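Below is the structure I would like to discuss, written out as structure tokens.
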Amino acid sequence: MNTFGTLFRLTTFGESHGPALGSVIDGCPAGVPLETARIQAALDRRRPGQSTITTARSEPDQVEILSGVFEGKTLGTPIAAIVRNTNQRSGDYDKLKAEDRPGHADAVWRERFKHRDHRGGGRTSGRETLCRVIGGTIAEAYLERQFPKVSTVAWVSQVGDLVSAVPELGLTRAQVDEHPTRCPDPVVREEMSRRILVAKEAGDSLGGSIDVRVEGLPVGLGEPIFGKIKALIAQALGSVGAVTGVVWGPPDLLERIAQPGLQFHARKDTYGGIQGGLTNGEPMFLRVYFKPPATLADHAKGGRHDPCIMPRAVPVLEAMVSLVLADLALQFNAWPHST
Amino acid sequence: MNTFGTLFRLTTFGESHGPALGSVIDGCPAGVPLETARIQAALDRRRPGQSTITTARSEPDQVEILSGVFEGKTLGTPIAAIVRNTNQRSGDYDKLKAEDRPGHADAVWRERFKHRDHRGGGRTSGRETLCRVIGGTIAEAYLERQFPKVSTVAWVSQVGDLVSAVPELGLTRAQVDEHPTRCPDPVVREEMSRRILVAKEAGDSLGGSIDVRVEGLPVGLGEPIFGKIKALIAQALGSVGAVTGVVWGPPDLLERIAQPGLQFHARKDTYGGIQGGLTNGEPMFLRVYFKPPATLADHAKGGRHDPCIMPRAVPVLEAMVSLVLADLALQFNAWPHST
Amino acid sequence: MNTFGTLFRLTTFGESHGPALGSVIDGCPAGVPLETARIQAALDRRRPGQSTITTARSEPDQVEILSGVFEGKTLGTPIAAIVRNTNQRSGDYDKLKAEDRPGHADAVWRERFKHRDHRGGGRTSGRETLCRVIGGTIAEAYLERQFPKVSTVAWVSQVGDLVSAVPELGLTRAQVDEHPTRCPDPVVREEMSRRILVAKEAGDSLGGSIDVRVEGLPVGLGEPIFGKIKALIAQALGSVGAVTGVVWGPPDLLERIAQPGLQFHARKDTYGGIQGGLTNGEPMFLRVYFKPPATLADHAKGGRHDPCIMPRAVPVLEAMVSLVLADLALQFNAWPHST
Amino acid sequence: MNTFGTLFRLTTFGESHGPALGSVIDGCPAGVPLETARIQAALDRRRPGQSTITTARSEPDQVEILSGVFEGKTLGTPIAAIVRNTNQRSGDYDKLKAEDRPGHADAVWRERFKHRDHRGGGRTSGRETLCRVIGGTIAEAYLERQFPKVSTVAWVSQVGDLVSAVPELGLTRAQVDEHPTRCPDPVVREEMSRRILVAKEAGDSLGGSIDVRVEGLPVGLGEPIFGKIKALIAQALGSVGAVTGVVWGPPDLLERIAQPGLQFHARKDTYGGIQGGLTNGEPMFLRVYFKPPATLADHAKGGRHDPCIMPRAVPVLEAMVSLVLADLALQFNAWPHST
């Protein structure tokens, strides 16, 4: 199941060490302004080698649009975009061919599919997430037309046991990108950086959490029962490899649910922007937990090591949320309101 | 979107105060033993009025199978089962007709659909979950044949700020049902009961968490990328009204992710039975967070009040997990392994 | 796969001799006027025993709406409707239990599903089509609101080797129903009647064709490539048991395609209302071929015999076409046009 | 809707004059032998310029596999394959930019999508069918493993008013390819060729029919109700642009249905290999009607003209049938049989 969405559909393909990875986006309406440069910029936020605190691999991740766009606008036809794998040092991985990497899904995949693409983890590689960033960027291009006020911004809110303060509304992606940790809290982010470098040095790794906030949403986005926005977002975020938990609501929600209901329901922000499975017009808030990555140094000496994937996962989560929003926006159009 | 699943598909229908609610299960293989009594027993675990700590409504929730079963076995055709609404005291709700209930999704639903079924919340009512229990029970009947060792057991692990100890492996549903809280921890459950009764008296309510554990799983259940078992389970659980968070992993996972990776990955149970999006053969562990219910006493005087829905949500979560497992079991069959 | 449609979805259930058959329609917008009497009237056009030329079985086929409708309007929630089987003379069929009925799918179904519901053919029975009529009627109720000019009318155009003239535009269902053959051609229909009665007497049966015409369609209904209106209609009609062929276009299309292109394309009605997979604003025309039914008298003595099912299949084909149109109408809404 | 299939899914993309066309095949099991050369050979059967009787355009249609195949075997991951458009003489089409081509879907597409990709018809171009040939070839590679005896062979059975005799069972694709018309009847094919050349000269075009026969099928392929093999095949074939009719059954079926049932059902080949919506183990037979192409000479002088597309459509229909069979084969695996 490499397709996500009902009306705005993303299909992804590509192994981390095959010829190319790519995405097909089907269902994007015609006439949406879309430049290759926009997708490229989004991929550049995800790619490795952006700073000293991520992996040293520096894949250029050059995107090429193959279809669905003409003279800077979408045609309403499927948009295909690919990224060639240029940095296929599969020699690095050859030594791993025979052995399973601990913490990796290698053993379970081989049990299931009776083969293992030893070339860098195949589809289980985090590299697959670039396909989602392509899809999410196109989703955002479309959303801008239908709901111009919507903005989705994610940031790193926890690294190891260091926790960020909650930023004010109105935070921008540019502000998040100002620091390589993608944590907007000036108080803790320096220490986060330092810890990441220490972990890198030690062949260790760090988990934590990313917060996602969507401002400017209309009321009523979501579909009944199994199409509730929180169900779809949970699927979207749960499909990202290292994610181990999702909470729909403000950062202190897990403490708040220990409160009695009268206290809990006294504040409207308690719902994280979702009621009855639909958006309620307030900012939507999600907290997404990450386990520390499993690619540890002794095994990754040949392979390349990313001690803390969360800074690079920020655009991936934004992409997944935008894909859900675009899909629900089209469904919102589909069902005409009674009078 | 009132259908869940790809190959084992549940479609639910029915308003809480209309003539009936029901389910259609499409994709259940032929020849699976299935008695009405089994579904009835499952519904009895969910229905209100089971004990003093839940709502006083005592709906009999009598199930009738309309199709798909013949002489105690499934036919391979769609299984339809319905429950008539006999206790439609809609007069109770008439007084609510004009006003929105605070904390309820009434306002957002009316904004979206330009109408509101004032008769007890319509589809947003928790009563809808009985349809899921029907579906989940059939899913379990099928799973027993394909993976006889699989057992899914959920229990209440937190009420307000009271937290249960983690029970040993091998816990049964019968053991969970021994106490009205459905908490297996003899130390805290009496206090949980007491708190729930106090909340009921005060017109207040309590949230917390439910843990779900699946033992006896084979290796390799799950599909790549968007069909990862954790993505599908997140959608399944996120579709339940009061659920506000899902964590895939052991009860202390949110503390563990603050640990460095070398420490985190040292224990195999850290993965909660899921690696690379597939089951790894270990017990699967989920923690599901609930907010306190919004039906508060002053508004619910006419309507009826359930101060803590979690004891009754236990079979609903088990049902949702079983639906995912049955769907993935069929997909497991679909793709033949290479040799 | 007992569900049809992407956004306007029909799920059907029920064996011909089980407790009940029924339909769940998911995706019908809220606020559409819908009375039980309208569905009942549609079922009455399909039910057996309407005239001397069909089977003598006289099932009342009383429909009951279980959900999704309140005070005469749809709620936007799934609409479930059932028909109880009251005329279950399964004793009639008991004698057939051990033997396969020639021309019936019994053997292939048993080979596939390792069982056979001997009670009247189970789901392969033509009785299953009443579920489609329920769905199609709801589709039409919705279409009336979105495209008030659309009208779908089918009629019997061939019985054995007797062929009807093509009726003028504007033909109504009431006019079609004036004669038990549902053939609007006064010249041939008396002879058709006579032939059907002769076949009935002789334990023989007759095939032929039904024509379907949709007037009042907007331009542009249909989706690219695999969602072309002709692809979806072909699936819809091909799912009806006795249908053996579908031609999109006017009654003489199979002769016309022998003409050179310059001649063929000189007349706009040559396209049957479909170009590039989308409606072109002209009347849509379909010819649907039926094989003679396989339930022959010697075997059906106990079971009951319908020598020519086409008069009763007329509302079924109308229903299937309306389901496709409603689904495409919602998709038409979904994708906003560029400016 | 640019995706076809439930478990074996083809997604196609690409405009006829954009950078590339391509396909993503999701759901092909792992370990299936697949060489680029096999796909290339299939594309070469479809490409223009194969003989004097088709269009003079000679696109090389070089396929490149981007993912899903490693060391000559499928990985179980999505298989992406693309064909670059090298022969983009869009200047030819510039003169058509302002005017709609008669018989073309240009007007209806512009009405629907408010734009028209004047570069050769965009997605409505027959060039899109190369994506289906890619998908169908992979479907066949998989089918060979699961049902090694299955062979799907199509041929041109009618050109204008010239009708071919029905070839013996066991006909091969190589035999069909021996003549540029792809008609296996040595008596009529020379005259067919001659007529096509005359039409080409005159700026005229010819329609007719293609027959498809599948030998070696197992019993029981197909799913109940809306997944009947004839429903899915009808959708698959109805999605091909120039197809105007589909008949499931032997070449003389439309005459046979005028016969009384006792006569009709006396021969088992009357069912065309399908009973109750499932394969019955006999050869499956389909007749597919084509209208004459609309690209007429005066308009196509700049664009390039194919007077009779059927010889090139033969591999496209084979591909569509194979895609349905592969999808049903996986579904056949999914539902375990009862005992």
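Brief remarks follow.
A, B, C and D are the chain letters, set down in written order, and residue numbers restart from 1 in every chain.
Heads up, the rule we're going with is that contacts are C-beta pairs under 8 Å (C-beta built on N, C-alpha and C of every residue); 3 or more make two chains touch, one makes a residue touch a chain.
What you see is a predicted model, and the numbers here were worked out from it, not measured in a lab.
A count of C-beta contacts for the chain pairs A-C and C-D puts C-D on top.
Matched by residue number, over half of the contacts between the chains of B-C recur in the interface of A-D, chosen from A-D, B-D or A-B. Chain D has its Cα centroid 27 Å from the Cα centroid of chain C. Chain centres here are Cα averages; for chain A and chain C they lie 46 Å apart.
Touching two or more other chains at once are residues 1-3, 6, 12, 30-31, 73, 76-77, 113-115, 123, 224, 337-339 of chain A.
Within the complex formed with chain C, the residues of chain A that make contact are 6-7, 27, 29-32, 73, 76-77, 145-146, 224, 330-331, 333-339.
Considering their complex, residues 1-3, 9, 11-15, 18-22, 24, 26, 30-31, 64-68, 70, 73, 75-80, 82, 113-115, 117, 119, 122-123 of chain B touch chain C. Those residues of chain A lying in contact with chain B across their complex are 1-4, 6, 12, 102-109, 111-115, 123-124, 128, 158, 160-161, 199, 202-209, 219-220, 222-228, 230-239, 241, 243-249, 253-254, 256-262, 264-265, 270, 272, 275-281, 287, 289-294, 296, 307, 337-339.
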